[in-house]
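Order of writing sets the chain letters: A, B, C and D. Residues in each chain are counted from 1.
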């Protein structure tokens, strides 16, 4: 059964690639919008070193921004869960911050954070922290009264309550937001590179677009996909390994 | 807590930020092109209002069409997958592959493929909004108690009827929350795509104003976009509370 | 801001990208007007060949992007220098109170031209009347209106739409006339095998809008004029070298911004050099500020009422630095 | 008044069900034979994990038995899935749809059958008083108590008018008092409507009090161990539980169940 499903899935992907190749060859020349898969793969092969360098750079930005965003998001969520006043005062402002199209602030980001990895990290951070904050808050508050009372009857301190009960309870929600956050971090890193840079997948996309180099454009898109799938996959594996109780609560 | 009381804290927070903002400009002597003062931005909005609204109209049009299109396709696809698990298994790798590419990476492709007009922005928004809705719809449709499905089957209900009577309403809260998240994302994606190349829209205004060193206009356009997002989000949250009444 | 600067410093140091640079050299940065390409070869060459180091500078070349502009970044002090847009952008920025000054002008001639298919019946810019024309609204539109006014075609007589990203709308005949940069889009059309079109050069109709201004903050001029001089010396030397060793220059650009198409970059540099070593550029040297031309541009902008008449060319430009660049660094 | 004779509504013969594959095969139900007469109330008890629910799902058409067995429904031989829509089924939990009002939850099965909503509502509305839900038709499930929710689920089952009703521990989650009330009330309703009922419970007293016959299943693999007729007159008052006949049956059942429990306990220990 599992083998049949795998065959089916491999088959669909193969069919799609063949269809892509055929359509691209049939419909347009080498300059058409959809270059044949073979042309894209040739471009990947010819430029694998450049692509790899771009992947590594964008990966660094993503991971740094993600780590900062996840840490800040968690701390903010935990602080909000502790202090409702803080939540009422600040959470609405964080909500507002998420409606701002941060890409429009290119010049400001560079003025404030310079032109290094930091500015990309800041964008990735900006896109990441919010879902983590919201889910941490929700997760920490989702523990039911009875379980808390039980722990308190054992004489648990607030600190112990947090580590032994609230946090494990909130972890599935937090993990879910981290899975979303890592994808958003990647978006942030890519957009951040549009604020002037020479290395990274984001800037390669823009270069390929303005040069109308379509095989290159597609090979960078593919590299973005591999990076996105890889980051997501790692985090999902961490979730399965360490937060397996998510569905039992 | 009354609505007025709920508003007190965020307003307080906004006032604090405004005070810090204005104070910083005065104390550190920040020049206008780095951080314009709030009254100057307000004045720029007032002076530029017709143009800003014209831009907003284009952006909202693209965001709305893409949102509806993406949302509808996402829900239809999720339903089709629930009805035909074999289809789901076959198509899932493609969906995962398409989704693992960060959505902004498609922007250049969309612009080259569909041109600078609204079509490329609509496609981008549809993709972004669609995935937000699709993931939630799939989760919602699948999170249903198998015992409830069995009950429907014991009544002789077919797959289609079970979807209509049971699965869709049960998944509604998840779908609605996907739709809610997708609203703000739609507007931002439309602006991002417009900034890379467009004939009109807030994003194009921001791009031109940036290149023409008209920083007040950049701020004005950002404020308009942000206010529009918040208004739509608030409106949707209000409708949401009435739509999912059984919680 | 000081905190973020500190964090930046720590990160940059950690990133090892700057490790090994001479600590004695003065660190400055130059912001380009677009993503890295051969249009900016001179700066990359100057850095790679050590021309900046010879002047005692450690220069970081920062590319531009769709949501940046050099004028703001130089005005704010985020970058010390920039290769900005045409003279009209410099004048407009000064009109808005940005403390920036032009110290050199890379292109002596208008870099933009217009293309129309032969079968469209368009024989001269006069025929643009009633047609759909696309142009870049980041400066090139001023040139277009100036060309049209030479033929008594008013701005209202043509449908002007923004242009970006792709030549596809022109190739697909969705628009009648498209704007091309002589060193970029024109070459794209050629490599895509598009034929049977006519090029109308703004320059041929007496519209000469020099472009690609090297700008600097007024404050830097006042405080560290020797730094400004050092940067311009190195840059002009780099540009002269790039114009004379184009293959090598393109390779240097490719090293900095991997993933570009070499043939396209070579064609770009060749065309760019022609616009650079032209008119007063041939006579006096690369980067010269042609005050007569620039004054004429200002006048045409004031006439069209897009520029405040109070903005003067004299205060916007500081030719003394270019004048002091050693002749062997700039004279082709 | 005891076991009604006549042709059975459902007859299971040699029914087995095995789960899992090569690695771990679990025989949940092993060669079970069971017949329920028309109008008969049969209760099924057994230790937990004895395959009651599996048997139940087979009778409802929700699961296919292993090949080899035979299911006859109203005299004709049927494959498992044919039974879908033929048997009215009530699962352990009420499974009310939170977005539907009481009345619309009650008519769920009728709606599936294609009856017009207005007609279905009228029909269900008429039954509400009998089920103690008069005046609650416009309430949502979250506004009801556990007993009331269970009764809504029962109306839903009753309105799906089929000759055989399968009730899977319908009162399991209720408190003792409510449960007694519900049992008496169920008997009332059953005597008026005279459907055949297969009722799963793990409460022996409930099984005797309600059933015409009590069937005991063994621990895994589930087999029929005992099939005891309950010769108590109907209607049964509450104090029937103290009658000699009641106690005699209870002792017999307890012994059988104890033996079964010991067996599985020892097996687990070994």
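Note that a residue touches a chain if its C-beta (ideal position, glycine included) is under 8 Å from a C-beta of that chain, and two chains touch if they have at least 3 such contacts.
This one's a predicted model, so the numbers in the text were calculated from it and none came from an experiment.
Novice: Report which interface contains more C-beta contacts, comparing B-C against A-B.
Specialist: If we tally the contacting C-beta pairs, A-B comes out ahead.
Novice: With centres defined by CA atoms only, which chain is the most remote from chain C?
Specialist: Centroid comparison gives D as the farthest chain from chain C.
Novice: How many angstrom lie between the centres of chain B and chain C, each centre taken as the mean Cα position?
Specialist: Centre separation, chain B to chain C: 37 Å.
Novice: Per the centroid of Cα atoms for each chain, what is the distance between chain C and chain D, given in Å?
Specialist: From the centre of chain C to the centre of chain D is 84 Å.
Novice: Can you give the whole-Å distance between the Cα centres of chain A and chain D?
Specialist: Computed from C-alpha means, the inter-chain centre distance equals 50 Å.
Novice: For chain A and chain B, let me know how many angstrom lie between their CA-based centres, rounded off.
Specialist: The mean C-alpha positions of chain A and chain B differ by 17 Å.
Novice: Which residues of chain C are in contact with two or more other chains?
Specialist: Residues 1, 66-69, 72, 76, 165-166 of chain C touch two or more partner chains.
Novice: Give me the residue numbers in chain A that touch at least two other chains, ranges are fine.
Specialist: Residues 103-107, 111, 206, 208-209, 212 of chain A touch two or more partner chains.
Novice: Give me the residue numbers in chain B that touch at least two other chains, ranges are fine.
Specialist: Within chain B, residues 34, 111-112, 195-196, 206, 210, 215 contact more than one other chain.
Novice: Give the pairs of chains that touch; include all such pairs.
Specialist: The list of touching pairs comes to A-B, A-C, B-C, B-D.
Novice: Using the touch definition up top, name the residues of chain B that touch chain A in the complex.
Specialist: 6, 9-10, 12-14, 17, 34-35, 86, 89-94, 96-97, 100-109, 111-113, 184, 187-188, 191-192, 195-196, 203, 206, 210, 215, 218, 221-222, 225-226, 229-230, 233
Novice: Taking the touch rule as given, give the residues of chain D at its contact with chain B in the complex, in rising order.
Specialist: Interface residues on chain D, with respect to chain B: 57, 60-62, 84-89, 91-93, 95, 97-99, 108-109, 111-113, 140-142, 160.
Novice: Considering the complex alone, what residue numbers of chain C touch chain B?
Specialist: Against chain B, chain C makes touches at 1, 66-69, 71-72, 75-76, 85, 89, 92-93, 96-98, 137-139, 161-166, 168-169, 174.
Novice: Taking the complex as given, what residues does chain B use to touch chain D?
Specialist: 145, 147-148, 150-157, 161, 165-166, 169-170, 172, 244-247
Novice: Going by the contact rule at the top, pick out the chain A residues touching chain B in the complex.
Specialist: Checking each residue of chain A against chain B gives 5, 8-9, 11-13, 16, 33-34, 85, 88-90, 92-93, 95-96, 98-101, 103-108, 111, 183, 186-187, 190-191, 201-202, 205-206, 208-209, 212, 214, 217-218, 220-222, 224-226, 228-229, 232.
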